[in-house]
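Notes follow once the structure below has been shown.
By written order: A, B, C and D. Residues from 1 in each chain.
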Amino acid sequence: MSSSPGNSPFLHRATIAFFLGLALWVPVANLLLPAESPLALSSYSVSLLGKYLCLALLALALDLLWGYAGLLSLGHGAFFALGGYAMGMYLMRQIGTRGVYGDADLPDFMVFLDWSELPWYWWGFDSFPFAMLMVLLVPGVLALVFGWLAFRSRVTGVYFSIMTQAMTYALMLAFFRNEMGFGGNNGLTDFKDLLGFDLHADSTRCALLVVTALTVLGSYMLCRRLLATRFGAVVTALRDQEGRVRFLGYSVASYKLVVFVLSAMLAGVAGALYVPQVGIINPGEFQPLNSIEIAIWVAVGGRGTLVGAMLGAFVIAAVETLLTAQFPEAWLFALGALFLLVTLFLPRGLLGLWERRGHG
Amino acid sequence: MFGTVAAYPRWSWWMSLGLFLAVSLGGWTRVTAQTVETSPSIPSLRELVNRLPEAQDEEARRALLMHIAAGGDAATERVFAALERGALYVDRRSRTVVEGSRKGSRYLLTDVLTGEALGEAGRRDVRRIPVDNRLRAELRTVQALGALEARDPTVRQAAISTLLGSSDPEVHKAFERRRGVEPEAALRSSLDVALAIFALGGHDPKAFSAALNTLEGRSEENVRTALRQFSARSDVLESQQVRAQRLLERAENRLRWLARLEALFFGLSLGSVLLLSAVGLAITFGVMGVINMAHGELIMLGAYTTWALQQLLPTQPGIALLLAIPTAFFVAGGVGLALERGVIRFLYGRPLETLLATFGISLILQQLVRSLFSPLNRSVSSPEWLAGAWEIVPGLALTYNRLAILGFSLLVFAALLSLMKYTRFGLQVRAVAQNRAMARALGVRSQRVDALTFALGSGVAGIAGVALTQLTNVGPNLGQAYIIDSFLVVVFGGVGNLWGTLVAAFSLGIANKALEPMVGAVLAKILLLIALILFLQRRPQGLFPRRGRQEEQG
Amino acid sequence: MLYRLYQPIFFVVALTLAAMASRAQEGEPIRVGVLHSLSGTMAISETTLKDTVLMLVEQQNARGGLLGRPLEAVVVDPASDWPLFAEKARELLVRERVDVVFGCWTSVSRKSVLPVFEELNGLLFYPVQYEGEESSQNVFYTGAAPNQQAIPAVDYLMNQGVQRWVLAGTDYVYPRTTNKILQAYLAQNGVAEDDILVSYTPFGHSDWQSIVAQIKRFGGAGKKTAVVSTVNGDANVPFYKELANQGISAADIPVIAFSVGEEELSGIDTAPLVGHLAAWNYFMSVEEDVNYDFIDEWLAYIGDDDRVTNDPMEAHYIGFNLWAAAVEKAGTADPSAVQEAIIGVSVPNLSGGMATMLPNHHITKPVLIGEILDDGQFQVVWETPAAVAGDAWSDYLPGSRNLMADWTDPVRCGNYSTEENRCLGAD
Amino acid sequence: MADIDTRHGVMLYLDAVSVSFSGYQALNELSLAVDEGELRCLIGPNGAGKTTLMDVITGKTRPDSGSVFLGQDINLLDHDEAAIARLGVGRKFQKPSVFPHQRVWDNLALALVGHRSPWQALRYKPSTADEDRVAHLAKLIGLYDLAGQAAGGLSHGQTQWLEIGMLLAQDPKLLLIDEPVAGMTQQETERTAELLQSLVPDQTVVVVEHDMAFVRSIARRVSVLHEGRVLTEGSIDAVQTDARVREVYLGDAC
């Protein structure tokens, strides 16, 4: 319905092709091609790609909220991390007696800090379906409660941003506490396997990447579908003219709430896919800085385009990988300059740039 | 696996020395009293000092230090001061004992007796004469015993306080002697307390009751310890023990009350820090509506300015600190001005973009400082007049630096408030904030007002940085610690309302300090954040909302 | 038209990735990875360690390298970001094909890279004191285990007559574990529960007023009191400032710190801190020629006479020399061979003794207690008569009392239960 | 949509409504009644409280005291903006507000009555009747030919019409229209006048306007607001000859 570049049918098809291509190509390049082949992918590249894909999903989630509903959450890292913790807890339970203390009931960090029994909120995480449910529910319920309170009182704009930032900050402090029972600063790590598959095996890694690519693709399609309905039109409308939408008789708060909850759940899924691929989840993910970085991915790619957000995440993550290896000192300068330049000169992001050129 | 500690080679002789010194103090003070009048004997003192490294066994060293102590003149003081600071070295080339101070990888040597410069030495040329806490404590006792006889009553008072906890019979004797001749009434009563403590620890039952009378209403630590020990004794009358118990309880009750007052002060102090760091934001965010995520880095710049000025004036940390206040204002204000002209003015009316752009600036400033000054923290020293605490009554002492910052924050606040309220500039700022088009029509140069307002807010952040150097690290991460709290303070107070910022800062400070003893520092902060979020979700306009006909699309 | 513009973007991405993957062939030099944060919050501590390793590599090359091959350092920046540590570790091992890695500071960064090193069989030398409770086949712990720092420190203070204890720490795993160990140890030595006060604060805690007041009251009970501080990093400066301002001097209530060294002190006005203590395995002020040499080389390398040396630097010095000696002994830089060869190897430390790599991958270290001096240095006031062997598993924690680590035959296990006579965690 | 009980012929009834903003009395015990099917104009100098009055009726501003009824028994103070809109009160803002990134057609379609909850909106498929209704409205406001364009590209006058069209799409019983012809050309103003007049008596219309010529051209009954209360009410001629009105409007365009 809107005229943003994200709706270009070509881009849409190319995006689908990209994710499908990735899902097909990576297992072949990593598992089948000999290591010497110029087209072969190392395990390092596979895990890197997997990480980028998760970040792209996270950016997609934020773009749905910011680009379409006009709500900039500076706490989206929190939903990502909560999804990640839910997955991490499942993976911790999968370790079973293979921990260093060989304790069947408690994760290692609980053993050496003298926990006598598993806290109640860890119950159920032995079960994969339950953990997956929590991946969706925990971020979703938090977003529901937070959003219900916020939107009911018409917290918008920068206030919403500042308060979401305060939320992720509070969660960070909370998860740093060892007494919370989530491993404190060290977080959850040293995972062994997922659904019985060894996480350190190349085949598992490739499978995870394929699942991730397909999940990102599915989420993208879901967002597009959603935005093409009257619901999507209302959401976009309230971004531009919230007052008008309200005076047309729409309950603005419930629309925002639905988008916020959905976006939080997508972020949770991104976190859940991220954790087994990078091998650790810790409270650092709640850092306000991380959440601001997500916004910059979206802004760089072009907000309100879905494709742009994912592209932005990919590009910046790749630049980070490159710079932190080659010019460590330059990384923060580059990131800072990117924030500045994009907001000043590229308000519509990379896709906006491309579109301007494309249309002469 | 590490088992038992078998030997303590380095400190054991000092311990014995300390004991010995303490036992011999009585004799020593009499000696000083006599030698003060006689002329100093520098050559023999130098000989004695030079013998320090030779004296290998404990006995010899003991005797040696006693000899040095017997000098009792200015040069002896120098030797003791240098020894206490760990600044006495053996120059291995000349086998003499010298005072040294490290300068880079070299040592500057001076004559410990005369202070005359002796040139430089390398790291391998000198060996430090060891010193530890026990020796320091004993040296301090020795010096305090001497100071009991000093002319200046404040010096005598300090000496009494230093010696108060001692159970040494020689100290007891010194106190008794001084009580007999002390002309100042206030000091006499301090001495009475000191003597009463000794009396409670003694074996004269007749003295107990008088001592308890003297200690009535006192709550000093040493008094309480004496009372506690007395009431646990088995060889005294039960009635007296009950009385001591009651005195102790009363003293402890008093302390509990004082602790509450103290917590209130802590809260005010925390509030003043929040106020200082947020008040600049109250202007840039509250009045102008600009989300400046680089605000924390402007605070950091103020702190680095203080450090730089102290580097320029290494001997005058206090003056450097005072100079830093205007300098930091202009440095941070200048950076703020550049930011406004270079970036922010292109983003007016797009607060979220401003947020992202200024966040980029904050990253750049952080890394810039890291690259220019290294990632290590910088050391900013506190001037004498900010050190220590003002003891209002025993048990309630307010630290000077916190008091100064509290006063300073209120001063800055008052200055800002009057600037906004009573000056032409303030009027223009408010006019532009309320209705830009109208203000322009009336001849206000709104661009200039924007730039200056932003510079003002940034300058105030710089000033906050100066104050923070007295409390915390000066490093690249300094700003990060304050940015979120600052925004919350401004929003909580009600955007655009300076008074709201004041009330918000102090109420958050006090609430935090009230919670902290109950739930611990970590949980206190979390609970406060949650409460704040919930409050703002009910009342997004904060404590003091700006009420008016809302913008049409609101 | 759109297609033409679109296509290159993804081609570039794809090509970059392909290029990344296909690089790196076994070259002539031995490659030494350096995995320390150069940006972010940990840069403050870790940058120095990166420079230390670079200096050691340069010196080794000046001596003709190892096995006739030059050393080549590969530096990456994990940017204080824990998942990025794992990614960078993988990059070093897979893409850069390094033979050994020196790196990590925080425990969480080590925990993050540990599975990567185990999966790819790399070598990691970890130079910082830590909470113990770990022994990996692929990691060599050259910093202190709790029994090489915390327990001797408490012994020293007990001998100084301390009867009441404040255990103050930042709320994370190292302080929690250390304090658990100390509580057990103090209880064993007859200290009553009432005489121990445990207090945790968040990272970067800056307002210490209430806690210092609490410590003051706790210490005002007529018994000699000391603070055992596991307060981390940035929170130390405001902590010490508040102590000084509230009039708590080292003579009243000494504070012994496990994370405050020369480098931390260089950012603090030390005048009010004189007499407070720290427990380490090395101080810059150690009066030994080998230390003087190291300091001179460091100052010359870094080109700044005001810089200091500290304990983790010594750990890297020891670790690097142990590794180099093991490579010479094995005749190859191959990680598996080095793992075998290094156990039992001894090299000089900087305090005049020898450091030996033990079968549990920890080393022997002397424990030194230093008092802070006016000039930001420490005066060593006590040291253990002999070097202490690092203990991977604490004897004072119920869960690990019966565990041991031994990477030689026949045990070959990092967590061997002496009770059940088997390697725990193995299937 | 609930039926509005207008048995006594009154569509909107305000009684003694007061609103103050930090000491400033925007509405001062204002009372007003508007009959069903009426086209009422509200005039008054700046600050008389016209827009605040609209805010109170549509639920944007809560009055300090007083009551506001739609028909006989709907207390508007019990409802929020969206609910009031669903009750059949449409409002056009002073500053035109349409959805610039969406097509004219979609703007109108979004305003179509019904399907207001997120769930309904998700499952909504436009029916033929809906399509016809949108087409009819587009023609009515003269934008049928531009229906495929983004609303952001419309001229000022067209935007105003689009907004009125969106109001009509809601099927409102009561329309509140704030300064519809400000900035319009003479021609556009005339067309707007026609459009508004065509709405009554099926709908009740309240117009706030400064343009006296326009008011004269459409209004049968005029209320003059001054300092937050109704100064006088009557036909445009009667109002314009009122001495008090002349006093407060001295120099104004009457």
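Couple of notes before you dig in:
The working rule: contacts are C-beta pairs under 8 Å (C-beta built on N, C-alpha and C of every residue); 3 or more make two chains touch, one makes a residue touch a chain.
These numbers come from a predicted model, not from an experiment.
Farthest from chain C in terms of Cα centroid separation is D.
Between the chain pairs A-B and A-D, more C-beta pairs are in contact across A-B. Our note on geometry: chain C versus chain D, Cα centroid distance of 72 Å, whole angstroms.
Per-chain CA centroids place chain A at a distance of 45 Å from chain D.
As a whole-number value, the distance joining the C-alpha centres of chain A and chain C reads 33 Å. Chain contacts: chain C has residues 39, 171, 202 touching two or more partner chains. Counting partner chains per residue, chain A has residues 173, 176-177, 241, 243-244, 329, 332 touching two or more of them. Those residues of chain B in touch with two or more other chains are numbered 367, 370, 522, 525, 552-554. By the touch rule above, chain D contacts chain A in their complex via residues 58, 81-83, 85-86, 90-91, 93, 97-103, 106, 109-111, 115-118, 121-124, 150, 163, 166, 170.
Taken together, the chain A residues at the contact with chain D in this complex read 1-4, 226, 229-231, 233-234, 236-237, 240-241, 243-244, 246-252, 254-255, 258. Within the complex formed with chain A, the residues of chain C that make contact are 1-3, 5-6, 9-10, 13, 16-18, 20-22, 38-39, 75-79, 81-84, 86-88, 90-91, 94-95, 106-108, 111-112, 114-116, 119, 133-134, 171-173, 176-177, 180, 202-203, 397-400, 403, 414-415, 417, 424-427. Per the touch definition, chain C reaches chain B in the complex via residues 39, 41, 43-44, 47, 147-148, 151-152, 155-156, 159-160, 171, 199-202, 204-207, 209-211, 213-214, 217, 220-222, 234, 237-238, 241-242, 244-247, 250-251, 254, 263-264, 266-272, 274-275, 285, 287, 289, 292, 295-296, 299, 305-306, 367, 371, 373-375, 377, 379-385, 388-389, 391, 395.
On the chain A side of its complex with chain B, the touching residues are 72, 146, 149-150, 152-155, 157-159, 161-163, 165-167, 169-170, 173-174, 176-177, 241-244, 288, 292, 295-296, 299, 329, 332-333, 335-340, 342-344, 347.
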